[in-house]
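Have a look at this one before I ask anything.
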């Protein structure tokens, strides 16, 4: 109808503001040697399953919050809004694609394969055709996902308690068939320590996501309160590289005030975040040293060697901290030995670092 | 299917947190003598027309942001999501009703009657049955709204420019038929000064709303950045009183750092917000006086009488400001004469106030 | 010299701004029945001992941060700035008095009696003449303070470690002579649990202070980060009533996210802060209840009775929280039994409360 | 006395925290080609004249707020605290030097030569011996400053009104004798537009300072509220280079939401702050372009050519903004012509820029 056409034109005009979106604020985790550090959320919902926002909102949020990539992963089997929004598995990505292109967000087609626990919920991402996964038979679903080249991870293993979330036959079968590639060790504010150990034991990629259903709050993130994300260390900033890095296990999970990952990537990230400057001043074995922290973590360092001072210090995020070190020339030559639980290489296993003071 | 039933149970369990919602933060505009000051938004959208959130989100936002009442007013004629969310005018309120009851939010069934400009868009609120308004004939729609006892206001008169937004035949006809009761002098960050004058000339109730389509940002509101609202001065905190107050024109619009309304209510609100305390100290005609501002406005006061000091001062919101007054005993006896553009009784017409210093 | 006189006039003119101070922000702890809740800091320093600000700055800070009373308590014996600021014990209060009068801050003349540990440091406040306390003999100093009617408390008993801070002969002697009346159980971010027990055992008034040396940061206070203060429950807002209340032990210490005090005052303060509203909605034994928290604490409540739900909930400060209770009619009739560690009546001893739901 | 020695030791121990200062937050103005961008305040006071803090506080503030250099410039002739802090012109820098060395702050010895207006106040910085400037004869003071190699600027020319602040005989004489090198076009929140023109006419270096007397508020700076500073574009980060750059006029003043300077440096700073990225998406003459703003300014751009879209847009500070451009291929080839009043090359004279879209 002509009237509606005019209406649409008028309403579009209303939206044609000079700038097409809210400002985007970087998440400050620098690149590491050889890799881009992509900030990703692989578990989000929209009104097409049990989420409460239109798919484009997830793209706007991703832009605003500094994400590089996002997967829309509506439940295949759980559709509480079906009466008002008839099931249509391909629509969330179709609707969001234009906005993602304009904003430069890498958009990943995904789905949540939803079963009672056990075996629980699993996300398949990088899918071609979600409709084909809408099957009764559990293992047939994963066969299909595999044919589409999907990356599959087990979601929130502990959300119904430790017993329910144990590694089960289903997971072992999927692993044996190379149909399970990752595990969500963090989901929102929950961290499943035993799932972290499982990941190490079974060789699964570490994943952490928001599992967001409501609109994302536009609050200024702090070290303790922010969206839980997966950092992916990818050769390039594109979907193919991202997928490759996931397969290769090059990830770290950012949850609360910590990064959880493998020693290699965490060491590289620590070095990329923390710059120790030449001392401002010295007096005997004492040195006044400014240390830059270019990352989002409030990093707490504890000495390993009892002869070093201070015993403990904290590096505020995105700031420079003055530390008054005291250490023997021998220790300074090797690097001052500290450990930091903000970088976790295994359950309760802090990263060890050596701080070299330049020009010493 | 049994499986889905169990799933639903499990997912509901997940949501059964100890506290059922985010904290609610008051909007600080005190009650005035004889009336509750209800904070209301009469113009909001959901996925059921061109909004981007599920209806319950509007209730959660209203709770969190300290609103008392909210109208869901999806477009009747403009349904860009129709392909995915088939038209169903009564659903937004049906879906939101339970959440509104739990959170104690007054929920109003409304609709936006959407035509090209002129005559433009109008909201009808307090409707019984929106389906009956889905008619081709413009005036027939308003006849129906009138039969349902709706309160009707003209939306954003200026959003397509001054010429397009002029008072037209349509509006005059509706007014003559007592089918037009209010006018949106503020819509989001826009204030239509000429519409304000129209309201005064035609005896229309002043209304200001967000016209929100996206999720509401959870940012800490400031005097300059907050949701545009209508304050309604109602005898009781219920829908009937609210409707009565709207009919009686007992409203004020809170937009940016100002309240726009009638002199009666604005004077009462100024007195409710601003408390002048007995002087801490005196010296001749000088007095050191602490003034409490219990409201959300950053109030700027300018002297009317040239002999008073200071010439100008500012009362920070929700804070106490120390002012060093200097005035003759005669003026102090009458009250110190100031004006404030933060309280607007007409276009460019600031409220005049007299500050009486107690115990003087 | 004339020139300087003119200069002074000109510079004073520069300062004669319309408003004579930064805005003051209330500390939200309501009055309790029969008493004003005065927010007090009894331990602060200026350039006249080892502090880094001019005495008037302490008054400006007190105003801005919502304090009612402040004591300037420069060290008598420790004067590291003496070379530049010759010792003059009476000057800090002389210099600050005018500003305190203008801003309505209750200013208390005090001093820190500074000895090695043991016996450590003690503050004497409400002094007439500090010079008379500048004596070599430890006990003679306290005799003089007593003659002047001072209120005396032991400062930061644990700042040099537990051993050094033990109750000693000196303290016992002072107590026996009625020359020791209070004890600083909190000093800045430190809480001395054993000193809290000492206070209960010896009948000493609980005191908590900032012991501030540098300028006070103008940051927005949060439940975890704020100036440590003593709340004094005084009949009137004047120095005499404040002194009486200190003698009578009617205080509570606000440090981090807790109030530490006697059960009487803490119960009254809990009731003044927490208002339980009539339920928005009921369904069987379930009730949706909005609870207002008008205080600065983020209050965590834990059930005492296993049959009540929720097991635990949190009331955000200066906000309203919706809680979904579930309890038998019998329990509801008695009040729902919870405990809260944010109100501490002894070391590790949380306050028990009963929540009565109105109109139930 | 032995006792005091021990006391001092104990109190010093108390201060020996692991980290020796608050975190430092960068001021984000990047370096420009060939120069470091040093953030400097050349006008501050301490208790040694009419300021309210101990000299070390100015160093702590400078560190915390991301400054590179600071001058202590107490009044020579105006000493309102003299009764308590006897005049000693060299002490502020002596007292602050150790802290400056530890924190790596460039500390400049300065003084404010204080006379009635006219001729008003002048700062001399980089002095060897302030005592020698304490003379009755106005011009003799500047002769002495010149002998010491000082950089001299006229302070806040307009603070006593336009008439009083006019360029006078005194200033002309000093200029002729090469004893006046700069002019404070901004002092705190004041900007003297005519002084800006004077600077251009007379070839004076642009200077802007805080003239701070009270403690610096520790608030998070915003584009509109921050400490007024001089950016100095120096070859190296040391006092000599800084002095050279001042002599050469390589400065810009950061006040409120603008940088005021010469076209050369402002152009370089604009380019250093604003990075235009390759378009995310194109459609005909439309391009969706992400623009990074790495600086502290909220930059507003207005088109010069009427055929470009948008007519106006805003780049949020330290964020990325998406802009939807529309321009002919010819214009795109030349760079899109915009102007920005946030970069001011003369009174009311905005900087013109050309935005080149890479890969276009």
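Residue numbering begins at 1 within each chain, and the chains themselves are lettered A, B, C and D in the order written.
Going forward, contacts are C-beta pairs under 8 Å (C-beta built on N, C-alpha and C of every residue); 3 or more make two chains touch, one makes a residue touch a chain.
Note that the structure is a prediction, hence the values are computed from the model and not measured.
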item: Chains contacting each of chain A and chain D, listed by label; value: none
item: Maximum centroid distance from chain C, chain identifier (CA atoms); value: A
item: Distance between chain centroids, defined by C-alpha means - chain A, chain C (Å); value: 43
item: Rounded Å distance, chain B centre to chain C centre (Cα mean); value: 40
item: Overlap residues in chain C, where contacts from two or more other chains coincide; value: none
item: Contact pairs between chains, per stated definition; value: A-B, A-D, B-C, C-D
item: Residues of chain D that touch chain A when the two form their complex; value: 17-21, 23-26, 63, 101-104, 280-281, 288, 290, 309-314, 316, 318-324
item: Chain C residues touching chain D - in the complex, by the definition given at the top; value: 3-4, 6-8, 10-11, 13-14, 47-48, 50-54, 56-57, 60, 77-78, 80-81, 84-86, 88, 91, 95, 114-117, 159-160, 214-219
